[in-house]
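Across the two complexes that follow, subunit A remains constant while its partner is subunit B and subsequently subunit C.
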Partner chain A sequence: MTTVPLETAAAATTKLPSPSPRRRRRRSGDRPLILLLLGPSALLITAFIVAPAVYSVYLSFTNTQLTGFAARDPKFVGVDNYVYLLTNSDFLGSLGQTGVFVFFSAIVGQTVLGMVAAVLLSRPWLRGKGLFGAAVLMPMVVPEVVASLTWASVLTSGPEGTLNRLTGVFGAAPADWLQVVPLASIIVINIWRGVAFAMIMFQAALEDVPAELIEAARMDGARAWQVFRHVTLPLIRGPVFLYLLLTTISTVGVFGLVYFLTQGGPGGQTRLAAIYIYERALQFSQIGIGSAASIILLIIVLVLGVVYVRLAKVEV
Partner chain B sequence: MKRSRATAAVVATLVAAGGLTACSSDGGGSGDDGPVTISVVQYQQTRIDALQAEIPGFEAAMKAQGRDIKVDLVADVLTDEQFKTKITQQLIAGEAPDLIDIGENLVPGFAGAGYLAPLEDDLEAWDGWDHYRPQFKDAMVRQDGSIYSLTHDTGVYNLFYRKDVLTQLGIDTSQPETWDDLITRLEAVKEATGEAPIVVPAGAAWGGGTWAEGFQPILGGTDQDFYDADSGTWDLDSGGFEAVFDLYAELQSKGLLPTQDLQNPNPWEPTKYDAFPAGTLPVAAQGSWGWKFDWGPEGQAPIPQLEDKVDTWQYPALRDGDQPFGWSPPGFGYAVPESSDHKDEALLLAEYLSTGEPLARQLVASGAASPRDDLADVEPLASEPKLLQAGDDLADSVFVPTGDGADQVSQAVATATELILNGDADGEEAYDAFKKDATDLLGPALVKQ
Partner chain C sequence: MTAVVTRPPVGVDPERGPSARPAKIRHRPLSTLDKVQRGLGYTLIALLALFCIVPFAWVVLSSLDAAAGPNVQVPTFSLENFVTFATNSGTPRLLLNSLVIGVAATGVNLALGFAGGYALARFRFRGRRVFMFGILLIRVIPAPATIVALYLIMVKIQLSDTLIGLIIVEAVLQLPVTLWLLAGTISAVPLDLEEAAWMDGNTRLQAIRRIVLPLVGPGLGAAAMLTFTNVWGDFLTPLVLLQSQELYPLSIGLFRAFSEHNQVDWGLLAASAVVYVAPPAVLYVLVRKNLLRSSLGGAVKG
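This part shows the complex of A and B:
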């Protein structure tokens, strides 16, 4: 798989000559085909993404509940739900935990390790690339529930836990890792799970870096780190920021992995925003407040997305 | 021409699909005399097995009456929280089975939302209704005067204790009259074993159980005024709330609660299923189903020679003037969704399952006490002295029916007790946090001014 740097692609797009009148006619003649091809997707996206999102925005301004008398007669409450959430320490705490989780697992962990893996795989001297690549890819292809079960087994308390067996070799007492270091545990697990996607994206980007530029830098006396820092990294900045955008969005939405392992505990230490929303909307039936929390999260992700796009100076 | 053919094809497809949908939507037939298939859902394996065994008897009984009613058992093994989430969605969508078996704590919310059909007129016409104990008849009546679920099993919440362990440690096993008395004994246990000696559901991880199985029983024993059924409002200033938060805080500050286990996912596993059977945690707040469902031979964590090793205390008195008590909510009940096409047939099944031997067998399977007064001689219940005793204890037990807003109060209690478990609040601070949270969540209409 290869990836064209977005800057290059965007530049190429701007240099295309304007289409001839004949070509324009042919394009307008293609409209029914385009409608046929895109119509079903557009319809499905509208029905299953746009409409629920719009409905969610509406719900966020009401006191709608799934149970109780309020379920019969929901009322418009303006921005009450938003005011409640933005002054609620539990919700703000969950946003903070989400920020820590995203920063350390996605932005730092997955990106750095993914880059290291991609650089290593691009080295001609590395033996056993297939095995190494497969080992890194494995966590990504494993279903979420299986991954959770695997880690539940690794981190389980008592001497039978895999990690406790390992630490026991050095004389350490068994620990309940999901109790003692719950947030750090799920951060490590999410890094393990997401590093393959980073590796694939960066590997593809590295393949597009012209070899002659690397050679020239080396001939000028640059060391490996200097080559990477001043030549390679600027050239793959687009894919890196695109990856950061994608991984941020997907990590903010992580639910199943964390819910299966900790259910937001202990003591709310891993109550990420997605878990908070689930608890509010479905466990406590407050769909209005849950919707408002979702919209706040959506706005935060959108802002982050815009920041990434601006930083990367790419067109998406 | 091509376009009109395509249009015709689309219309024909839609008509065919509509026809097929119509054929399949009646669930196997309807009408007063024709064959009817009704669905019933259960989500606990023990109850699934018990209900499965009763279905042939019901179908035969109906056949003897000239009715052709088939029962489709929807067996869906889930936790309480998972079931609540799923059945709520089904009720909203109008896709719930014809008969659902739900805990008492779910009824106010579902009834308030209009998801359940009122049953009182049919129950008045049913001869079994006369045998229901009066306190359950009263407890089943909701805020609007209607009954939405037919209680079929119940129990008494007490403090279960390991008689063998406490005796070995030299701890008094007589009924503690006050919580102070019990706490003194628990401190002695802690000193001897180094382990937290009592589990009372608390915190967010226990879900709705923190309120229904932990906090509410203690509250109800000391304060019957926290909910006003006439106005349908919660009195958050009622004195019992702060007293119970103080109790939780005292248990936590003295290291008597297993705080870390209580914050685990599925906190009942390390406490009730591991530590209590092992004898390292010798006291547990628990309903009478503990005799079967939790620690019985076929239970989740069997304790050999259970009746020799385990006994029960009533909850001790919390405030001056209180007496030791048991807590007896209506327990599980059969409810018929308003959207059901076969309400009459579903209620027939509910009544059959709540009568005589079918009920006695289910009670024994799930370890529950009978809400009826005519089952003491019916086997196999007649051979279960602990369950019969629980039935007798019902007369001396208390229960405070609540209504709309129970979910919100449950959530606020879970959050506030979590603060205590974390060591972030004492009793007064937890009560203040609870009051603020509950006031926000309930809204002015449900809070007594």
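This part shows the complex of A and C:
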């Protein structure tokens, strides 16, 4: 990655006022103080975030095991782990599930519903904004374990389960949702959890759209949808892509929400890449293969990140 | 059309007086299309709100129900589940562990983040930009991708399966965000204020404590809330790093209790969930405005 897209992402992520000329001056006498202030953070980030990432790369080229013979004497195996994974239908299936999960829950579901919520809550005629907003925020505020627990009850298999009661009204037979449509279930759950974040991001972006532009379009006879499509949406393109970047990254990393409910099952139908890595490395103790899977996942996320930043840059 | 209706200057043109045309626009009743749009809007937002809160019904109702099951039912109101939570052998321990981990990690995180953030905000040194962008890039790494290597490192330095190890890891995992947040907040404090304090005979550190620290309260509050909430809710890191049952935080305790398929005490589980939700929910309400303004708002508006 070059520094240019990174700078864009950085500028978009946090407001840092441009430094005053006084701060620009380098004074060698400040060095001990800088080291004292920033040194511990830099050291700890290196030890607990950077080192594991680098170590993962190393491990992915070895046959390291958690237990057994190879645990004592790990060997360098070149790209064997990568070859194994990229020809392994379980792993490829797991990548595919992750793709479906990210696409439908984050990119489609959360984005559309979050945008609907943000636009509706920005309407001057809508009453009860506080109440609606608070309701949408609730799934995001609770810890992921609690989020899973609430849905465990909603999706319970018996006729008494919340969703089965609802579908029962329409005459459908009760179903064991996490067995019948596991992937769709966790997609819905993740949409539920992420709508609030999308809504907050889009609300903030919508606030920055000049009201005069909207009004001018309205005066020219544009309908609400046309105004949104041709005036609002192009103006908030940057924040939308930033949101897509953030939500894609965090959705690829979703683990607890799904693991709590399905532990990858039934029959590996919800074995997202994150769960595949966990299973391989810590349950089957195949650290090398788990690490190689991590690196493949990381590369995919990085590529997606670059694509988003490029797309967003056009209008930023 | 609403925009036209609510425009104040229309119709008060002094030369023509409140002429008929603008007045007509102002008082024109909503067109059918507007009504349909509004009705649709209300329906959509109400459905969305229901979708968001209905799943919580079971947790809330069951926590108050002495005879709770896995399904939503009308509770026979009692606080028995919460009493059980407080007197049970295992559950108070879970809450205590969660509190220790959350509070300690937040404290460590804020101390490191404030010191580092000050350095990043006030000094231009070689590698500063690289460092800032580097820790931003860290956000791209999904947590499950490095957890295995992190576990092996923790085993090697003998900090796996200890609270202190988990506290350090949690504090550091949230550090990049805190550093960015506080670097931004601190650079918004005018350097002149600090320089004035130096003139008055304060040392650099005294000036930081007396001038900068009180002024970055909202930023610190937002950083504290973000860190505490994330640490409190974290499931993966304690799941991997802790093996001893007596060290489990609430997140792992709830998972273990839920996974015991044979004998789940649903009422106790729901009560634990309510207890588990309370601290971040309270914090969220307390710091909500600051959080939205100083981090998420800034995040979008660049």
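What we mean here is this: the second predicted complex is superposed on the first by the 274 of 316 C-alpha atoms of A that agree within 3 Å, B and C clash if a C-alpha of one lies under 4 Å from a C-alpha of the other, contacts with A are read in each partner's own complex, and residues count from 1 in each chain.
In this text, a residue touches a chain if its C-beta (ideal position, glycine included) is under 8 Å from a C-beta of that chain, and two chains touch if they have at least 3 such contacts.
Here the structure is a predicted model, which is why all the values come from computation and not from measurement.
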(message) According to the stated criteria, A:Ala53 is in contact with first (subunit B), second (subunit C), both, or neither; which is it?
(response) second
(message) So in the superposed three-chain picture, is A:Val141 touching just subunit B, just subunit C, both, or none of them (first/second/both/neither)?
(response) second
(message) By residue count, which of the two partners contacts subunit A more extensively, subunit B or subunit C?
(response) C
(message) One more residue to check, A:Leu282. First (subunit B), second (subunit C), both or neither?
(response) both
(message) One more residue to check, A:Arg310. First (subunit B), second (subunit C), both or neither?
(response) neither
(request) Name the contact category of A:Asp90: first (subunit B only), second (subunit C only), both, or neither. (result) first
(message) Quick one: is A:Leu298 in contact with subunit B, with subunit C, with both, or with neither? Answer first, second, both or neither.
(response) second
(request) Name the contact category of A:Gly267: first (subunit B only), second (subunit C only), both, or neither. (result) first
(message) Touch test for A:Ile200: subunit B only (first), subunit C only (second), both, or neither?
(response) second
(request) For subunit A, give the residues common to its interface with subunit B and its interface with subunit C. (result) 282
(message) Considering only the defined contacts, which subunit C positions touch subunit A in the complex?
(response) 1-4, 6-7, 37-38, 41-42, 44-46, 48-59, 62, 69-73, 112-113, 115-116, 118-120, 122-125, 131-133, 135-153, 168-169, 171-173, 175-176, 179-181, 183-184, 187-188, 191, 204, 229, 232-233, 235-236, 239-240, 250-251, 254-255, 258, 269-270, 273, 276-277, 280-281, 284, 292, 295-302
(message) If we count contacts the way the header does, which residues on subunit A are in touch with subunit C in the complex?
(response) 1, 3, 6-7, 9-17, 19-20, 22-26, 30-31, 33-34, 36-38, 40-42, 44-45, 47-53, 55-56, 59, 113, 116-117, 120-121, 123-126, 131-132, 135-136, 138-139, 141-146, 149-154, 156, 158, 160-162, 192, 195-196, 200-201, 204-205, 208, 214-215, 218-219, 224, 238-239, 242, 246, 249, 252-253, 255-256, 259-260, 273-275, 277-278, 281-282, 287, 290-291, 294-295, 297-298, 301-302, 305
(request) State the interface residues of subunit B toward subunit A in the complex, per the touch definition above. (result) 81, 84-85, 88, 92, 108-110, 112-115, 203-205, 207, 260, 263-265, 404-405, 407-408, 410-411, 415, 418, 421-422, 440-441, 443
(message) Quick check: in the complex, which residue numbers of subunit A touch subunit B?
(response) 63, 65-72, 84, 90, 176, 178-179, 261-268, 279, 282-286
